[in-house]
Amino acid sequence: MNRMDVTEKIVSAKVAKGIRWEDVAGRVGQSKEWTTALCLGQMTASAEQATILGDIFGLTDEECKWLQVVPYKGSLPTAVPTDPLIYRWYEIVNVYGTTVKELIHEEFGDGIMSAIDFHMDIVRAPDPKGDRVNVILSGKFLPYKQY
Amino acid sequence: MNRMDVTEKIVSAKVAKGIRWEDVAGRVGQSKEWTTALCLGQMTASAEQATILGDIFGLTDEECKWLQVVPYKGSLPTAVPTDPLIYRWYEIVNVYGTTVKELIHEEFGDGIMSAIDFHMDIVRAPDPKGDRVNVILSGKFLPYKQY
Amino acid sequence: MNRMDVTEKIVSAKVAKGIRWEDVAGRVGQSKEWTTALCLGQMTASAEQATILGDIFGLTDEECKWLQVVPYKGSLPTAVPTDPLIYRWYEIVNVYGTTVKELIHEEFGDGIMSAIDFHMDIVRAPDPKGDRVNVILSGKFLPYKQY
Amino acid sequence: MNRMDVTEKIVSAKVAKGIRWEDVAGRVGQSKEWTTALCLGQMTASAEQATILGDIFGLTDEECKWLQVVPYKGSLPTAVPTDPLIYRWYEIVNVYGTTVKELIHEEFGDGIMSAIDFHMDIVRAPDPKGDRVNVILSGKFLPYKQY
Amino acid sequence: MNRMDVTEKIVSAKVAKGIRWEDVAGRVGQSKEWTTALCLGQMTASAEQATILGDIFGLTDEECKWLQVVPYKGSLPTAVPTDPLIYRWYEIVNVYGTTVKELIHEEFGDGIMSAIDFHMDIVRAPDPKGDRVNVILSGKFLPYKQY
Amino acid sequence: MNRMDVTEKIVSAKVAKGIRWEDVAGRVGQSKEWTTALCLGQMTASAEQATILGDIFGLTDEECKWLQVVPYKGSLPTAVPTDPLIYRWYEIVNVYGTTVKELIHEEFGDGIMSAIDFHMDIVRAPDPKGDRVNVILSGKFLPYKQY
Amino acid sequence: MNRMDVTEKIVSAKVAKGIRWEDVAGRVGQSKEWTTALCLGQMTASAEQATILGDIFGLTDEECKWLQVVPYKGSLPTAVPTDPLIYRWYEIVNVYGTTVKELIHEEFGDGIMSAIDFHMDIVRAPDPKGDRVNVILSGKFLPYKQY
Amino acid sequence: MNRMDVTEKIVSAKVAKGIRWEDVAGRVGQSKEWTTALCLGQMTASAEQATILGDIFGLTDEECKWLQVVPYKGSLPTAVPTDPLIYRWYEIVNVYGTTVKELIHEEFGDGIMSAIDFHMDIVRAPDPKGDRVNVILSGKFLPYKQY
Amino acid sequence: MNRMDVTEKIVSAKVAKGIRWEDVAGRVGQSKEWTTALCLGQMTASAEQATILGDIFGLTDEECKWLQVVPYKGSLPTAVPTDPLIYRWYEIVNVYGTTVKELIHEEFGDGIMSAIDFHMDIVRAPDPKGDRVNVILSGKFLPYKQY
Amino acid sequence: MNRMDVTEKIVSAKVAKGIRWEDVAGRVGQSKEWTTALCLGQMTASAEQATILGDIFGLTDEECKWLQVVPYKGSLPTAVPTDPLIYRWYEIVNVYGTTVKELIHEEFGDGIMSAIDFHMDIVRAPDPKGDRVNVILSGKFLPYKQY
């Protein structure tokens, strides 16, 4: 058994039972973004969270233990994603990558925006011309230092 | 001559003269995100904007014309970026890609978040534990339709 | 279980029972292009459509539920397709890619032809020198905007 | 000197002089699709066409001769295109590739849609919800034969 | 079930029963080249041919139906083949590719040698210095046309 | 200076002077296939041949010396060729690769068809349904031996 | 069943029974290099050799038949091997590749060192500073010829 | 200036002056294998050796200094070499890679054959059936140790 | 059965029983770094160590034998790792790679730092600004020699 | 002009003048590791440091300004490095990658070792059996948090 087996079982149960990620997040007591990433095999659960997920998705004890093991992260099957929704994000990185780099360096100097001390919030923004997906990414700035 | 020559000249002039992207944006009258992407060869200028940029960076008439030609977009030299700042964004897409997909579909149904009817805002969020880079991405939701 | 299992079962049943895509489309009440893409795991069915497909291909309730889940899209096993029929389309993109780009920009300005607000129609055009495959692609033009 | 030098000179002259592809096609006496592909280094000119293009873009005799040499075709710098407009076409091939294959085989049997005995027509389709790019692809069906 | 399962069963039966491709071709009534390609999952059988093959290799009715479905073609596991015999052919394409292109264009003008309206004949040519493999490739010339 | 410079100069002179490969081959006294491969940087000339080529293409003494140096072979810019004419040959290797392997082994046993002790002949075969490109490949069979 | 299944069974039996390749070679009556390559799925056995191997590793009749079928060669899972021992050989090819080419051409002219009419011998060379692995590679020189 | 410029100058001078690697090695006082690798930019010269090479190939003082700088090694333009002579070596690694690994481990245990404490000797072995290229590779065995 | 099966069983047992690598190392009597690499399929056990591991993880005799076979090394599923923790190490190699090369050569001359005669120690360094991961890598310097 | 031009000029001057990185670091007042990375185009200089480097390497004012611009990082020409010294580090990541991941997670929980809040120290460790390269890597542990 490995973590991918557990992920596949969770996703299968979700489809079979018609569960919503938002409701899972409510029961876990964390954001829908982090909770979904956890269920999709990218984050690590506490023992309590694992028990709650085991209850929701009908997992065995051993499967619940796997949720508490730090997973090998990376959720995409190819380096350039083929799925159109995910590709648009890759395209943003590709088209705006150097722009993002220039502007963060102009404001903060040499360093990076952390993808670890990081959170994300995805919200619907109603708009008469068509609703929008608004996403807030927040990452701590980590400066390169001299030594 | 091609657009990359113009981009390289702009970046060279920026370093030599110590120009800030934010000031360029102010003179162009658009956001710093769009303006920087324009200067880095990813967007298309109007005739007036091209003249302003020509003035700022010392471009010839022919170079100004190139700014008004739609460029071949894509700003990264490799499919997986090696630069740590840009890589963190790629990592976010890789680790959270399936999460983003699940949550947008749960809220909106099948479709994508547009990378064309799209804007981005990068801001500094002061924080006593270390300032954060906050980014707002906003893309129109475009539904897949049956036909 | 995942969507690929359902796709494989549909294709297997189609071969075993000698079903035609055009007939499936007739029963689903949509075009043959969209319906085939749905059956091949690229589109999302409504509950009614899933029931009809379940009836045609002998699917279980759980399999019908999977048809209503937005799939991870992308139908090709390699970035450059090896199948000669599909490769010819890739070749058209490769040989004519910059031409298409130039002409759409000349007519519409900077932007893209949507692959989401999109439909396709494949028809036989009788021709004494050999019948032709005619394809109509129709995608909404989405302009890049300044911000 | 090689064909790419000639292509680059043509594109440079086009930008400097503000020439439209459609007008070039009018003078060459062929469709805008074929003529643009010719100018972008993908097709082969006759002597008369080369002279006309030489006149329009200010080419030397030797450059005109290169237009009459069959070029090494392929207009994209990477196997998966990074430019969003061209990528959307790649995405159509990727998402709909197996659908196209199924439907052409269902109608015609085993074989391909030619990319050589082929033409393409790109037109604007006015639409109150936003104009559309309509493209007609027409390729002769070539059957695989037994031997 | 899919075509690859049928191919694997055919190859397995061939080894177990010690069948020769040439004899299979004799019973099918086509060339050994086309028949072998059919058995290896690259071509499409008629109903009669499928019945003959089913008889030779002990296939079920459903497996025979799969032989009549147009397969997803491409017989190699990697883009550059590792098998020395097949690699030599790849090497010929790599070393002589531009030569072949020049000579066909010199004789025929712009166009291609078809890989669809195509046949191949592999024969032993006795030679005192060591027998030779002689291969005749024959493909219809398809000219690019202007439009 | 390197061999590619010499190749580029030869091809440039060929276009400027309107020379045919077949005529070059006639003066060199070898087949058009080998001679073209030599001119395209894949084969090695004798001193006499180099002198003849120098005369035809206007090469310097040093350039003639480079023709006598064994080149780094491989004439294609990408592992999978983008040019349609050359791709068709790659496609033949991909679709028929395992067939070729099976039939040569059935006839000769384990070994390869040499790409070194090899020659190729490209001829036009008139045909009322459209002329054909016929190619004869001839390579010595080299058996694997036990030791 | 395929050859890889047989290879995996042989390797499994070797580990379970503690068999040495050298002893297998002794019973087969060939070198340890060729015999090991045979057992690892790269070479083709005679009927007698297959029987001996079947006896040593406990193979069925059908598995023994597979040993007599010419395999699809290539023993590495990636183009650049990750295993340190095998990588060192790849590194030698990468670092010394052009050197080997220059020296063989200087001695023999244009041609190759055969990898088919080839044998290899791996021996321990005792050395007070640490024993050495000495390898003798021997391949027939095959000259390119003009035609 | 960089090492590749020096390599290109050395190779150019070698062709122009008709120098043999073996003679260069004789003057340098090392083996032809090491000396050629040095001239091709893979090894590092002492000051004396650099002076000798400078004399042979007409190098400037600065170019001689570059010969004494440790180069970025790797002599091949692609991960899988396209040149037939070098490819055969890659093929040997690919086909025999696991065999070499098994036999060295059987004799020496876990570890590698060094590619650094390594030397190579390429010799002609006269043979009535065609002369052979014999190569002796010698690398120190370096054991993995526990810690 | 193969080594990967054993690795997967060990990791599964570790999760199910809540075993720590450090405790495994204590029982094996080696460092936690080497022992973990052994359990993850990268190193080779002695008979005694295999027995201890078999006892800890509940392995069969045959599985214990596999631990004593030199494995095919390489622990990552892609050439560029997607997991953020492992990627950071790849990033260090990418960003600092040429720096490491320059400084080792400046101190030691031409050669490498061995990855075989090598050990690694990972320790926690308490720090009021956030604890640090300190890693000591130690590899024997192996000089390139002339021959 | 761009940063790579400056890097190339620095390296060229270093070779021509025989400068040592350690001495450069002494004058800059930082570690040899950081200073070398700066000179090789991976780090960002302060104005004072740029002036010192300009003095050492004979840089113009504009070149000194480039040293103060945050560079596009990544120092290797290929994803898998070909240079043996750098490859050994890649190999360590490949072989020990999962080990490093397991042990850091066992000690610290889910998170990463920073490559930004990071320093490195390369030292010679005298050893009678051959001196060793000892490297200390120190990166702050950054925990993934729930949100």
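Before moving on, here are some points about what is shown:
To keep things simple, chains are lettered A, B, C, D, E, F, G, H, I and J as they appear, and every chain counts its residues starting from 1.
Just so it is clear, a contact is a pair of C-beta atoms (placed from the backbone, for glycine too) under 8 Å apart; a residue touches a chain by one contact, two chains touch by 3 or more.
Protein names from UniProt, one per chain: A, B, C, D, E, F, G, H, I, J = Cyanate hydratase.
What you are looking at is a predicted structure, and each value in this text was computed from that prediction instead of being measured.
Counting the residue numbers that touch the partner chain, chain H and chain I have more than half of them in common.
Averaged C-alpha coordinates put the centre of chain C at 41 Å from the centre of chain F.
Averaged Cα coordinates give chain A a centre that lies 29 Å from the centre of chain I. Computed centre separation for the pair chain F/chain I is 49 angstrom, with centres defined by C-alpha atoms. Counting partner chains per residue, chain B shows two or more touched chains at residues 33, 72-74, 76, 79-84, 91, 94-95, 98, 101, 105, 111-112, 114-116, 142.
This structure has the following touching chain pairs: A-B, A-C, A-D, A-I, A-J, B-C, B-D, B-I, B-J, C-D, C-E, C-F, D-E, D-F, E-F, E-G, E-H, F-G, F-H, G-H, G-I, G-J, H-I, H-J, I-J.
For chain B in complex with chain D, the residues that touch the partner chain are 1-2, 62, 65-66, 69, 72-74, 76, 79, 115-116.
Those residues of chain H lying in contact with chain I across their complex are 30-31, 33-34, 43-44, 70, 72, 98, 101, 105, 109-112, 114, 116-117, 119, 142-147. Those residues of chain A whose C-beta lies close enough to touch chain D in the complex are 80, 82, 84, 87, 91, 94-95. The part of chain H that touches chain F in the complex is made up of residues 8, 11-12, 15-16, 18, 77-78, 80-84.
For chain B in complex with chain A, the touching residues are 20-22, 32-33, 36-37, 40, 42, 73-76, 79-81, 83-86, 88-108, 111-115, 118, 120, 122, 124-125, 127, 129-142.
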